[in-house]
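In what comes next, chain A is part of two complexes: it sits with chain B in the first one and with chain C in the second one.
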Partner chain A sequence: MGELTITKHVEYIKSLDKRKDLETALTEHLRMSGAYWGLTSMDLMGHLSEMDKEAIMVWLFKCQHDSGGFSGNVDHDPHILYTLSAVQILALYDELDAIDKEKVAAYISGLQQEDGSFAGDEWGEVDTRFSYCAICCLSLLKRLDKINIRKAVEYIASCKNFDGGFGCNPGGESHAGQIFCCVGALAIAGALDLVDKDLLGWWLCERQVPSGGLNGRPEKLPDVCYSWWVLSSLVMIDRVHWINKDKLKQFILDCQDKEHGGISDRPEDAVDVFHTYFGVAGLSLLEYEGLRPIDPAYALPVDVVDRIFYS
Partner chain B sequence: MPSSESDASMEQEEEEKGKHNEDEEDSDAHMDPKEEDDEEDDDEEEQEELQIKWVPLSKRPEWADIQPVSQDDGPYPVVPILYTAQFRETMDYFRAILALDERSPRALLLTEEAIRLNAGNYTVWHFRKLVLQALSYDLWEELKFIERIAKANYKNYQIWHHRRWTAENIGPAAMTTELQFTEEAFLKDAKNYHAWSHRQWVLRTYGGWEEELAFCDKLLHQDIYNNSAWNQRYFVIKNSPFLGGVGAMREHELNYCRDAIAVDSANESPWRYLKGLYKGDDEALPRSTTVPAIVLIELQKNKDCIYALDLLLELLCLGYEPSQELIGALGLQLDSCSAFQIATFVCTHLKEIDTMRMLYWDWRLNALSNASTS
Partner chain C sequence: MRNYKSYGAWHHRKWVLHFGLSNLDKEYRLLDKLLTSDARNFHGWAYRRFLAGISKATEEQELQYTIKKINENFSNYSAWHSRSTLLSKQLQNNIIEKDTWLKVLTEEYDLVQQAFFTEPDDQSGWFYLLWLLSQTVFPSRPFVTGFWPPNGHSNLFDPNVPSMANCNILIFFSLPVCGVNSETVSMSSSSEGLNSEFKVSWISITDDSQFSKGWRAELTDCNKCLEAGMSLTLNVQVGAKPGITSRHGPLLGVHNLTVNIELGSSSCSAPEKHYSRITWPEECKQTSKFEDSPNDIFGCPSLPLQRHLEPLSEWQEKTLTNQINTCRELLELENDSKWAMLMLARLLVAYDQFASSSEHGMDEVQQLYKRLLEVDPTHQYYYNEQLSLIRFHQITVDLHESSEHFWRSDQTQNLWVRFNHLSLSKLGYFERLTGVQNLDLSKNKLQSLEGIEMLQFLVNLDVSNNHLTSITALRPVSHLPKLQALNIKWNEIGKHMIDKNRYLFPTVLNNSAKKHLKNNLNKEEGPVHWEVYEIFGRMLVLRQLDIHGNPISENEAFRSNLLLAVPSLVWLDAENVSTE
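After this line comes the complex of A and B, so read on.
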């Protein structure tokens, strides 16, 4: 089996901040999530200290709005997606005390709808992704009491399908990304008893295709990002041993650019920070040697989560 | 997140597909926020067109009073390609009108230019909504604008969100156009997650259920492996006010599954759909005569059919007494088998043929033994 070329991936992530190409311009509105992916990857590989924390913090605070929410970049509107990314970055750096937690919590609780679901921002798009963002974020801030958690859980449960999976809204097709969000939110809320673990576990392990990679829905191609979404869900419901871990490990390693660093969706494709993060996080869940362990629900290194809740 | 991210907008592509539809491109909305799309060729064409026609905003008299606001990017140089220059200037003017909160006709045109360059920029879409409201703009025209933008961006979160907002503001009169809009999207990718989500919203909010089962049937005829269409079919039988619910439709749907399975018994979707017909009513499953008949037909064709063996295992666990014909199809002796022995045989066989999931079947085997001893 090949090896994870950590040194190359570290260099790749460090180079991202200096790029000024078209791709960078087109993704500038989601830079907060990009920063979270890059920084978490660096932390899992044990190289977080090589990033410029001070500059990142200055920029991050410029992205907070009067409402308490964070935007994807300076000059953009706040959104729950980027608010979670910002809080996760603060957690990585042990700087959660640097923000007004009540204000962030007020922003999030203001997005909860009558039926328990969450909107992504003031414009009202509702999706179980946002339920995860809200619950994960408030838990990290220790402010889960600011929302109606019972209704939030009921809404997620209403998105459960006949195959045991979850979709974005009630009736939406099961999709591994949405499943991660729903199972993650239920895990944090202490409501995993609402998951049909055996039925969902089989659906999830059926996502593994002969190449060893995982897809996100039946009849789709495998993609490294599902190494995180499927795998973390299986870990949370205690069924991860149902897949072939060695074959998955090999699939992820085959998606590396060993020369320039970074990981792609499938072997031989172009790398990006999103798939680099998912590849590294997936390998961490697979207990790859040399990587620090990641928490499957919070998507942060285990010691970061422990520091928040147990110190 | 990936979490969060996962969220982030899931867009990116997962392109494709599986073994079965090789000639089409399929991408999935998954969750990566990059919002790119598969239809790169279209994108390129569109961009070329834009570049040919583009007159820098700084050279247009109607923008002479605006001082563009550039983004602070530090000491690194901008890559000097035309597209990037256009992108930059457009965004500099956008930042300027955003700062001025100018909700004017020219601001609306500028958001259109910015969206054409990067349909993923959610801040531009947000501002466009404010301008549309301020101008009391004709939302039917806005639907047409979205259709033009969507052609190259069917997998973009922001477009679908904006479409939904526009249709919501128009009201029930938008039902037909919205159903048609999703059909356009399905022509490019019949598994487009956003489009299915939009379609379900239209049905729930404005109706249009009458033809929906036939629509699912049409898509399944085009691609029997389309799990999204199977999911929609379940959504319809469960929620349509005209069909009476899952229980009432069960026998009809079992026959539909039987025919789909006959095409390819390795197709995961109809088998899961079939089990879904008994969701919450497990006890009815072993009483069915149609279900064991489907299992028998498939095992007679192929005794290694994983989904047929799995369903047989499920039946046995629920107390189903197998016929001699079914036992024979497994290659077992007719007289010496208890239900437990048959289930153990099935499970052991599954473990041998589905090696990727060997440990799952091992767990099922253990669960059988535990159930028999307890």
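After this line comes the complex of A and C, so read on.
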């Protein structure tokens, strides 16, 4: 079994801040999510203290808009995706009390549609990803009662497919990313009994290909990010033993750049912070020794979640 | 549109169309081009649904499109998926009549057959076939799977004997249901001197949510009505009025049972003041002969599930047999086809469950799963679970055959069951064991006790030497109202940092926590503390607990929380911890 070169990955994430390349520019609009991926990875590896908390907080608050929502970066428009990422970062740093939770809750509840679904922003795109963002974010803020939970759950249930999986909207094909969002949302809302665990569990465990990696839907290539989306879904419904954990571990470890740090989507490809996070989070769910445990529904370290809900 | 996978671009296109800056014809042509070059692009398929909505395309037209895509390439999961939604919609909107639906299914079976004969390794057709099977055999509406006491048998009730002091009636359903109450389940009695109608309250055996597979009624009026030696006959009708429903639809059928209740006149003295440890008696090793039908004593009579419904229809029988033969044919051509083997195993199990004749199929199913273990080792846990279920079925279906596992104590009439050392990794068929008081599942490979809450009469449970990985894995056990002795030694509780059961029951994490039973919570509350109260704290008559061999048993905080949470505890491991 290979080894996770934690020190290299720590250096890689710390270096991201100073980069001025094309990729960084092209992903400027989603920097809030990028920050969440980097910081959570650091926390799982036990090195969160090496990031500049103060600078990050200053930048984060510049991304909050009057509506209560957060944007992906300074001078960008607010969106539910980046609102969730911002709240997750605040949770990591135990700074949830530094924001006006009512305002953020109002922004999110304003995005709920009549059928229970959620739009991503004022321009109206609807997707079950946004249902997850809404439910996860409001639950972390202890304001889940600000939305119509029953309708939200009903909408998600209406996206259930013949194979037990979930799509972006009703009638949408099952996709591991959407499945994570729907299963995670149902888990947080206490409605996992709506999931046919054996049927979905089988579909999910069939994502494992001979190389040990996981794909996102049938006949597609494996990708490290599915190590999170498929794996966390399996953990939430207690069917994770249906995949070969050792082979998956080995696949993720093979996707590392052991020289320069970072993890890529599959072996030998270029690394990025997105796949670095999903690789580390996946290994955490596989109980890789040396990593701290992550909560499969909130996608935050277990002690962060426990701190919010149990004290 | 250069990037076919951009969410934003597709959303923008809808906006553009809204302003009349394009037209439907153009959009359909663009989509055709895209789905020809990338038939799996889900944005494209979603956009097609959007256009279909605007252009008022019928489901029939869209179904034609899916046929076109499938004929181009059978390995088109997106097209098969689309078919499943379109057909379901047609059925839902009553565009297809019930009889036509059978014809439609037959055609779908023919269509999918072509797919998996052409490309047996491709998943798409097989997942679709699995769906067709579920439409053919498994009713999505719930039905009654069993009840206690078994039809016609007496429920002995004796206020002097603690374990028989409550008169319970239990009903089990195939799916979690709600709406079980004294309106939807009527009870009347023809015995003299009694009110002809009984009002009882029904509670779910898991008080977790509105929906549950098991419901229990306590007849507390009994002792008022009966004198020693008297018996009472109750007629119970499940589904008397509509209202019992699962998330998928209302109860199928109405079920009648008769319950006899006798007030025992035991000369049993007052209950023991000193609780002595329950151990498995020596006579466990001897076999015991049953004169009457053991199945009727241990649980509900072990008949196929479909007993409460009509037997397999001619069409169902023909369809299942056809599919079984097709899979066998395919296996002759491709001996190692994992999908053909798996599908055949599933078909045989489905057939066996519902057919009136017995289980020759089970040997073949076992062979198939053993072969699958060789051909597809990645999924060994899944195949071993299926083998485990078959094992469980074999040893519970005819207790005469497997009498070395079962016996009844002559003195107390208690029922003892021993299923240790059987490599069981998954439990099932609980309706066959409803009346059991003592169950030994030690030295198996269980990592979940899902379903064990159905055994409402369990007093003594041994799950030592298994693979339970957390306190939360014991949640099903916390629903057993009579449990006095629990052995969980040599499991893995405290060893794992990831909890797989965290979201499977109400907690603070999933916004469903109920008010806690006890309020003497310490200042230092953490999740372990909370779990001890939420799981062990519900075991109200637990006297005896064995936890040695789990890493968590060394944890002092855990032990002290345990003693606070379970005041009834007398023995913790071999130590007397009673506070009396």
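Note that the second predicted complex is superposed on the first by the 311 of 311 C-alpha atoms of A that agree within 3 Å, B and C clash if a C-alpha of one lies under 4 Å from a C-alpha of the other, contacts with A are read in each partner's own complex, and residues count from 1 in each chain.
Here is the rule we use: contacts are C-beta pairs under 8 Å (C-beta built on N, C-alpha and C of every residue); 3 or more make two chains touch, one makes a residue touch a chain.
What you see is a predicted model; the values in this text were computed from it and never measured.
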Quiz prompt | Superposition on chain A - do chain B and chain C clash or fit | solution = clash
Quiz item: Touching A:Cys205 in the superposition: chain B (first), chain C (second), both, neither?
Solution: both
Quiz item: Touching A:Gly177 in the superposition: chain B (first), chain C (second), both, neither?
Solution: first
Quiz prompt | First (chain B), second (chain C), both or neither touched by A:Thr7 | solution = neither
Practice problem: Examine A:Leu192 and indicate which partner it touches, taking first as chain B and second as chain C; both and neither are also allowed. | Solution: second
Practice problem: Look at A:Ser33 in the shared chain and tell me whether it touches chain B only, chain C only, both, or neither; answer first, second, both or neither. | Solution: first
Quiz item: Who touches more of chain A, chain B or chain C?
Solution: B
Practice problem: Check the residue A:Cys133 against both partner chains and state whether it touches chain B (first), chain C (second), both, or neither. | Solution: first
Practice problem: Would you sort A:Phe162 into first (chain B), second (chain C), both or neither based on which partner it touches? | Solution: both
Quiz item: Regarding the shared-chain residue A:His76, is it in contact with chain B (first), chain C (second), both, or neither?
Solution: first
Quiz item: Which partner does A:Ser15 contact after superposing on A: first (chain B), second (chain C), both, neither?
Solution: neither
Quiz item: Thinking only about the overlay and not a real complex, which stretch of chain C clashes with chain B: 168-176, 276-284, 384-392 or 510-518?
Solution: 384-392
Quiz prompt | Common interface positions of chain A, toward chain B and toward chain C | solution = 123-125, 127, 161-163, 167-169, 171-175, 202-203, 205-206, 208, 210, 217-220, 241-244, 247
Self-check item: In the complex, chain A residues that touch chain C
Solution: 123-125, 127, 139, 144, 149, 161-163, 167-169, 171-175, 187-190, 192-194, 202-203, 205-206, 208, 210, 217-220, 235-238, 240-244, 247, 284-285, 287, 292-293, 295-297, 302, 305-306, 309-311
Quiz prompt | Residues of chain C that touch chain A when the two form their complex | solution = 7-8, 11, 15, 40, 42, 45-46, 49, 75, 77-78, 81-82, 84-85, 88, 122-124, 127-128, 130-131, 176, 209, 211, 247, 377-382, 447-448, 450, 496-498, 500-504, 506, 508-512, 525-527, 530
Quiz item: Any idea which chain B residues touch chain A in the complex?
Solution: 1-10, 12-21, 26, 28-34, 71-73, 76-79, 81, 83-84, 87-88, 95, 98, 118, 120-123, 126, 129, 161, 164-165, 191, 193, 196-197, 200-201, 204, 225-228, 231-232, 234-235, 238-239, 268-269, 272-273, 275-276, 279, 355-360, 363
Quiz item: For chain A, which residues are in contact with chain B within the complex?
Solution: 18-22, 25-30, 33, 36-37, 71-72, 74-77, 79, 81-82, 84-85, 88, 121, 123-125, 127, 129-130, 132-133, 136, 161-163, 167-169, 171-177, 180-181, 184, 201-203, 205-206, 208-210, 215-221, 223, 225, 228-229, 241-244, 247, 265, 272, 274, 277-278, 281, 298-299
